[in-house]
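Two complexes come next, and they have one chain in common, chain A, joined by chain B in the first and chain C in the second.
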Partner chain A sequence: MDAAVALTPEAADQAAGQAPLLEVRDFSLRRGKAVVLDGVSLALQPGETLGLIGESGAGKSTLAMALIGLLRAPEVQLEGSLRFRGTELTSLKEAEFRRLRGNKIGLIFQDATAALNPCFTVGEQIAEPLKRHLGLSKWDRRERAAALMQSVGIPEPRLRLDAYPHELSGGMQQRVMIAIALACNPELLLADEPTSALDVTIQAQIMELILDRVRELNSSAIFVLHDLALGAQVCDRIAVMYAGQIVEEGPSERVLAAPLHPYTRGLKSCVVELGSRTLVPIPGQVPPLDAMPAGCRFAPRCPKAQAVCGERRPLPETRDGRQVACWFID
Partner chain B sequence: MQAPIFSLLDVERTYELRGRGWLNRTPRKLKALDGVRLELQRGDTLALVGESGSGKSTLIRLMLGLEPASDGRVLYGQRDLAQLDAEERKRFAREVAFIYQNARGSMNPRMRIADILAEPIRLHRLCEESAIADRVVALIERVGLPAGLLQRFPGELSGGQIRRVAIARALAAEPRVILADESVAGLDVSVQAQVLNLLRELCRESGITLVFITHDLGVASYLCDRIAVLYLGRIVEQGPTEAILNTPRHPYTRALLQAFPRFDMPLKASLSGEIPSPVDLPKGCRFAGRCPQAQSACRETDPVLTAHDAGRQVACLFPVASV
Partner chain C sequence: MFQAVSAKLAQTLLVLLIVSAASFTFLKLAPGDPVSIMLGSDYSKASYDQLTHELGLDQPVLFQYGKWLADFVRGDWGTSYITNQDIFELAVLQALPVTLTLAAFSLLIALLIGIPTGVLAALYRNSWVDVLATTLAIGGNAFPSFYLGIILIWVFGVDLGWFPALGFVAPWEDFWEGLWYLTLPAVTLGAWYVGLIARITRSSLLEVLGQPYIAAARARGEPGWRVVWVHGMRNVLMPLVTVIGLQLGGMLRGAVMTEVVFALPGLGMMVTTAVLNREYIVVQAGIMLTGLLFVAVNLAVDQTYQFLDPRLRRR
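And now, the complex of A and B:
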């Protein structure tokens, strides 16, 4: 039974043209009364890398979790649509999601030490998706696992197959997680802060590795990041999120080099660069989920806010090759 | 020139690891710090930069007198930390404050913020009991928080607020030196910017000497006039911030700068491999195994930290030439 993953007729038509690999349309996620994600729309083309950027509480990880079916009813209420290769994800059953996760959609989490199971060797953990999704024999799995470890730059993979996670350094554990995520050649890779626990020189190595492997497989990737400069370096597109909404989305060189939304600008002026002379923090803080302002959610902290901003929510408009949700774009 | 407020004279810190099994009892040595020489003048702001395992935190523990040096001496003013008597030890505790990496974990969750801030004032008998409340209010306002937070518990504060309280507590005893361990790590950029601005302002207006541990060269350059780069227990380069950023002389410093994410430069994995184990260090330069320009001499001779240009010291046999 692979019906869930197969294309619907409508999607098959789309596939003939330039169908996005992933399409998020007017997607909202509620936890009781709190609107955690509010009307998020995005499209990701095959081979593209997208960065979700914003402060804690912006909903970046929540969106990623919803995409892989780890946040679903009844804990949360979903509205709108999430389409992956033409399949509607919001209505998938858990068993159907399991066929996607680790197979067509690979996952990399922030904390490899916590994400890896301490009771199994890394070889066994890399082999698991090979068994579950590809049904490889024990011998083939071991061979393939060793090859995967080699491909993510783990020296002496055959010796390390039988190592437990705690015997490896943080950087090596992160490489193991990348090997697991890429084991079944996924079409979409979701990486939630894959390097924020690592040192800069290791971060650069790991990011380069992920990008190389993603390009080699011709996959797409979504990175959840808090580091704007890193986003500029690794992502084709950037979506800036604030309080559960996307405020600006477009090609990363435009969004980050010449931001239009006041929030993107504010974020950028907080980033510590080498030799920064002044940092200008954004005043105030993200409003709590149960007390979101009625109009633009950023209005209370925005230097350009006027009366209309507090009353009506600005919808995303196309401006200079990107989408911006603001009443007063220059 | 005045006498330095802190001096580290060829400080070493080794930990003995027991061999495996009872037949193999030969202890192995882990050298966390190896021949560190450092001088701090009054009013200096120094960043200790390095990756995990470079010995940054061990160095701070030694400077706080929490651990003895295995070799070499740590001097506070003219006095060796290992030889302070009870009275001097108390004075040291008042004059040298520490901001912990885990601000929330460093506070008693059952104490109100007001009591947390009052504790050092009371302990060092800095003022009359009746004046403490006013001082606590002044402290919290100095770090930009409303006095209303004083009746809260640490668990009720946000990540940015708790870091500010940690800074306020460090200021409570009116120290001459503040040592801070990764005090802005893990904060959102806008909150990080606020805390960095606060720290910078405090240092500038009160002339406090600051030693700031960080793995982030950007943060180091924003906050401090001097940077010391550590690698495997040794200072490989130190000097004025501007010089370190613009013309790094040590290949490791250069690699750290290149790996730093930047808007205007493509991603560059400047180093291969990882920081090796500080157990059984190789002979020769400890960076040679990862150094892109290592030569055979580097594997034989261990370079010492020597004076280079304008106030800079480098430990490399073949320093990066100026461009």
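And now, the complex of A and C:
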């Protein structure tokens, strides 16, 4: 690189280390008047796993849907920037975005039973992205689909290729979903609560499988989860979302060991832990989208809230190697 | 599998038996005495008794029914008093193909117009496209088909002269000529179906497009047209076939009107003529044949379900 050229901040970042695979900057998503995502910023390095944690309605799934381009204008209004491999996604043409979907960006849905088309065999559905993005011949598609099914732990894949979704168990269906999402070796895998529709005994297996496959392909992954402890266990970093905003984001161990934001603390203490006899619920509920408080959105439920919290929104600050948005970080 | 099919067959046979009994009773209840009709105005008691005996009309009713049913199954449906024509030949070989062709062509036209209309209405719901499509659909449903037929004859048959106003040419003899003759009748009969098919397509597709598997297809990078026409419509076929199957009876009813308006020598025309001539034996054949058609359509729809929905297939 020519040292005489002044570096822009982005170029400096790139020179300093790897360019992030995904960079979300001040991203907002509105559905009419409702602000579903408000000023979300985060970055994901190649090979990194990130957990998006929060209650239902926090906007986690919405963010995932926006990242894969299933929520776009004119259905919703987008502001800010989503950069994937240096490409701005918000202004990408639909035809170009389609080339990323299922190819460079894969998505695992929460409920595989509902997300698999009942009228097509699982083999056909796994083969679709192989045809669309890789242009494989019919024979190669079948071979690769069988190999993919094998790789996600489906026994006798050749027999199951011609099975319809309803002929498989819930766990097997989710494995098929994973095979579809990983068919083209995506660089970014989005997993929207991939195990919450499954039996507890299967959940760990599926989570383990996704992680194994992601590591093997050296992909990055974003897990949408509502369980802070699970997220901290499986992800390198964690972003805690509340009412469409990221309130705390940082390395998993630190966030779980010493949460700084009152909401993260609340999330941690409302999970039953071994050896702990206390179960402290967070009082109240997430405010409706059309009646968000002007200041900190968590203020009405926050045990530490002061006058300023209701008036002005706290901006994320760097503290202890992470980003926290709160007026009273101690 | 075998058990289900045989149960279905038993059910079908029962329905047919009831239809045949009703149709036989109809003949018995019909006013007029066939013997005196056949003998004319002047006859002796001896010849009356003799003919009654020859026709088996002095036998117990149940016995007569059995004989009639056996004859019917063998294809011996009797002879028309008026034209002296064999009724099996008249009904099954001449009239039935005309009605079936008309119905099939009408259904084809209705599908070709109704499905795209319904899809457009669903994709652009609550826009002017939707309003227009829905208006046309309701209009097609509300407009009486005999009136539509007359208007079509008047405008396209007489005024513009684009299509023949009346008559029938068998498409299996001259395909294009036959199609040309059938166009106006098929549009008349199909118009009612366009609305029905469009409405069912619209509502079913709207429901299907909200399903997660549609989002999943998009998340795989499938283009929009494929998401709608392949992933979506494949799931719309089930409710569509159900409704079409249920309404095919209505189509046979509509065919009677259409055949009379356009002078098509189909089942409807045959039955109408027979009613006007008080030829009950022909009416009876019409009833039986219509009953058979209904049952056949129902069986076909049932079989189509298994073909369309993998969840209903038995392995």
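Simple rule for what comes next: the second predicted complex is superposed on the first by the 310 of 330 C-alpha atoms of A that agree within 3 Å, B and C clash if a C-alpha of one lies under 4 Å from a C-alpha of the other, contacts with A are read in each partner's own complex, and residues count from 1 in each chain.
Operating definition for what follows: a contact is a pair of C-beta atoms (placed from the backbone, for glycine too) under 8 Å apart; a residue touches a chain by one contact, two chains touch by 3 or more.
Treat the numbers as computed from the prediction; the structure is a model and nothing was measured.
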{"item": "Joint occupancy of chain A by chain B and chain C, clash or fit", "value": "fit"}
{"item": "Partner chain in contact with A:L182 - chain B first, chain C second, else both or neither", "value": "neither"}
{"item": "Chain B versus chain C as contact partner of A:C270, first or second or both or neither", "value": "first"}
{"item": "Touching partner for A:E55 - first (chain B), second (chain C), both, neither", "value": "first"}
{"item": "Contacts of A:L37 with chain B and chain C, given as first, second, both or neither", "value": "neither"}
{"item": "Partner with the higher number of touched chain A residues, chain C or chain B", "value": "B"}
{"item": "Touching partner for A:Y164 - first (chain B), second (chain C), both, neither", "value": "second"}
{"item": "Contacts of A:C119 with chain B and chain C, given as first, second, both or neither", "value": "second"}
{"item": "First (chain B), second (chain C), both or neither touched by A:R101", "value": "second"}
{"item": "Lowest inter-chain C-alpha distance for chain C and chain B in the superposed arrangement, angstrom", "value": "5"}
{"item": "Common interface residues of chain A - those touching chain B in one complex and chain C in the other", "value": "none"}
{"item": "Residue ranges of chain B in contact with chain A within the complex", "value": "51-52, 158, 160, 188-194, 196-197, 215-219, 221-222, 242, 245, 255-263, 265-272, 274-275"}
{"item": "Chain B contact footprint on chain A (complex, rising order)", "value": "55-56, 169-172, 199-205, 207-208, 211, 226-230, 232-234, 256-257, 266-267, 269-276, 279-282, 285"}
{"item": "Chain A to chain C touching residues, read off their complex", "value": "65, 68, 70, 94, 98-103, 106-107, 109, 111, 114-121, 125, 128-129, 132-133, 164, 166, 177, 180-181"}
{"item": "Parts of chain C lying in touch with chain A, wherever the complex brings them together", "value": "211-213, 215-224, 231, 234-235, 308-311"}
